[in-house]
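Before I ask anything, let me first share the structure, which is written out below as structure tokens.
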Amino acid sequence: MLKPLGDRVIVKVQEEEEQTVGGIVLASNAKQKPQTGEVVAVGEGALNDKGDRIKPSIAKGDKVLFDKYAGSEVSYEDQKYLVLHEKDVMAIVE
Amino acid sequence: MLKPLGDRVIVKVQEEEEQTVGGIVLASNAKQKPQTGEVVAVGEGALNDKGDRIKPSIAKGDKVLFDKYAGSEVSYEDQKYLVLHEKDVMAIVE
Amino acid sequence: MLKPLGDRVIVKVQEEEEQTVGGIVLASNAKQKPQTGEVVAVGEGALNDKGDRIKPSIAKGDKVLFDKYAGSEVSYEDQKYLVLHEKDVMAIVE
Amino acid sequence: MLKPLGDRVIVKVQEEEEQTVGGIVLASNAKQKPQTGEVVAVGEGALNDKGDRIKPSIAKGDKVLFDKYAGSEVSYEDQKYLVLHEKDVMAIVE
Amino acid sequence: MLKPLGDRVIVKVQEEEEQTVGGIVLASNAKQKPQTGEVVAVGEGALNDKGDRIKPSIAKGDKVLFDKYAGSEVSYEDQKYLVLHEKDVMAIVE
Amino acid sequence: MLKPLGDRVIVKVQEEEEQTVGGIVLASNAKQKPQTGEVVAVGEGALNDKGDRIKPSIAKGDKVLFDKYAGSEVSYEDQKYLVLHEKDVMAIVE
Amino acid sequence: MLKPLGDRVIVKVQEEEEQTVGGIVLASNAKQKPQTGEVVAVGEGALNDKGDRIKPSIAKGDKVLFDKYAGSEVSYEDQKYLVLHEKDVMAIVE
């Protein structure tokens, strides 16, 4: 199991063939290609100036929309994961 | 439904043929091409240093003027949306 | 009507033929070409760290001097406007 | 009359033929060519984080030494002026 | 023995042949190649604005996932070590 | 007389023939060529966030070691001076 | 004697032939070549926002590991020294 640090989240990437989540088709965009996935682990949050954790706005199980070029890819038991900073997550798909 | 995170807003983009909102015609400008649209969802706001949310100045239903090259495009049920940061919204069209 | 957000101001651009405001002729300068105009709308001001608005130093009706390359141009009823950040306004012409 | 905003000062530029102020001859320097001039107007000062003005260290009438490539040039009644940020003024010539 | 300063950690690098830690195979990624290793020493933590140490989230003995191109390599008794900043550690492998 | 502003100091540059101060010979270094000189004037110090002056660590008469490429050169009565920011002074030669 | 200012330290550079300190052989690394040396002088520390000195984590006599390309070289009585910022020191060799 991977435990992300700070403001990181780990996302199980949606396969490109299945890229319509809840009916959303992502437009191709040369600059930024958003993708969707499911959050499988969330860090404790970044530290603020006083040393307290900033509670993440994202929870395990959320479907999220993120920038394709953000984060670092790892694979685990034939599933691709992405380690993202919370700021790279644009929206939650409800 | 997309729920934007932090200081993001989701805008329903005005078609280019309909680019006069309230009589405003946007001048062509090589550097920055502003566009208009209607806000369909607003995030809870960015976090300040104390961990409180900064209330967004934009509300659902506002007609807004934004920089064409800002944000990330997604499409949903044949309508283009743009995920923008609040700072990329220049003005509200009243 | 356009309502600028945050620290933005909207300026009615002075035509280049009329570029002497109060007798001031702007020197040509390869790096920065200042221009003048009249402020037609002012935002509520930027937010400081405590979430309070910073009162703008510029008011509606002020004649201002700004950098020609700053801001985004829009036109409305055959009049060009410029959406500027307050920091891009160099001086008030009195 | 020009009223500079924030931390800006307006300087009446010393002609290059008269570039010795109080006996100081400015050395040629490929990177930075300092120049002298007389301050004709001073802004109210930049705002600090609490919203108070930071009192400028420069007063009207001061002879100042500044970087030639800093600021924006304007001319008024056949006299060149320079709009500078206070931080671009290196020293007061006494 | 090396005692890292501030927010640095020293990691005993996992050999590339042994790059599956707990069954995780790291995907090749042109931009960022994550690697794993074991933490052998942790600094006292960075200083916050008040001069207090920010307690590191990583402890000696943790298996960590980090960006291959981060940090500086040193070798000690035929073992490669990497001196990393804590922010370059993406996740703890549990 | 030149009165430096803020965190600036004015240094009387040591001639290159006399570049051994107290027996120190400065090594040639392609990236940074330190030089020595004597401080002839010190500014009141930079302003901190509260508007108080930060007392300079350098005093008039100090022999200082600085980066050759830092600062702006001026000459006054056949003597070269350098206007430096305090942060560009590396060490005091005692 | 050189007295470093602020957060600087002065390090007596370890000769390259003697680059194993306590048995540590530094690996060649195209990006960053760490080196070792002995601290001979430490500044009073950087100033924090309140104007207090941040106590350095390094003391005179410490053996330190630093990035070869950091700092400025000076030589004194046939010994090379390096003037480094504390943040460029990676670890203390104990």
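A few notes on this one:
Each chain gets a letter, A, B, C, D, E, F and G, in the order it is written, and its residues are counted from 1.
Convention: a residue touches a chain if its C-beta (ideal position, glycine included) is under 8 Å from a C-beta of that chain, and two chains touch if they have at least 3 such contacts.
All values derive from a computational prediction rather than experimental measurement.
Within the contact network of the assembly, the step distance from subunit E to subunit F comes to 2. Between subunit C and subunit F the centroid-to-centroid distance comes to 40 Å (mean Cα coordinates, whole Å). Between the CA-based centres of subunit A and subunit B the separation comes to 22 Å, rounded to the whole angstrom. Residues of subunit D found to touch two or more other chains are 49. Chains in contact form a single ring whose order, set by starting at subunit A and proceeding to subunit E, is A, E, G, F, D, C, B. Contact residues of subunit D toward subunit C in the complex are 1-6, 8, 10, 44, 47, 49-51, 69, 72-77, 80, 83. The touching residues of subunit A, counted against subunit B in their complex, run 22-27, 29, 31-32, 34, 48-49, 52, 54-55, 57-58, 65, 67, 86-87, 89-94.
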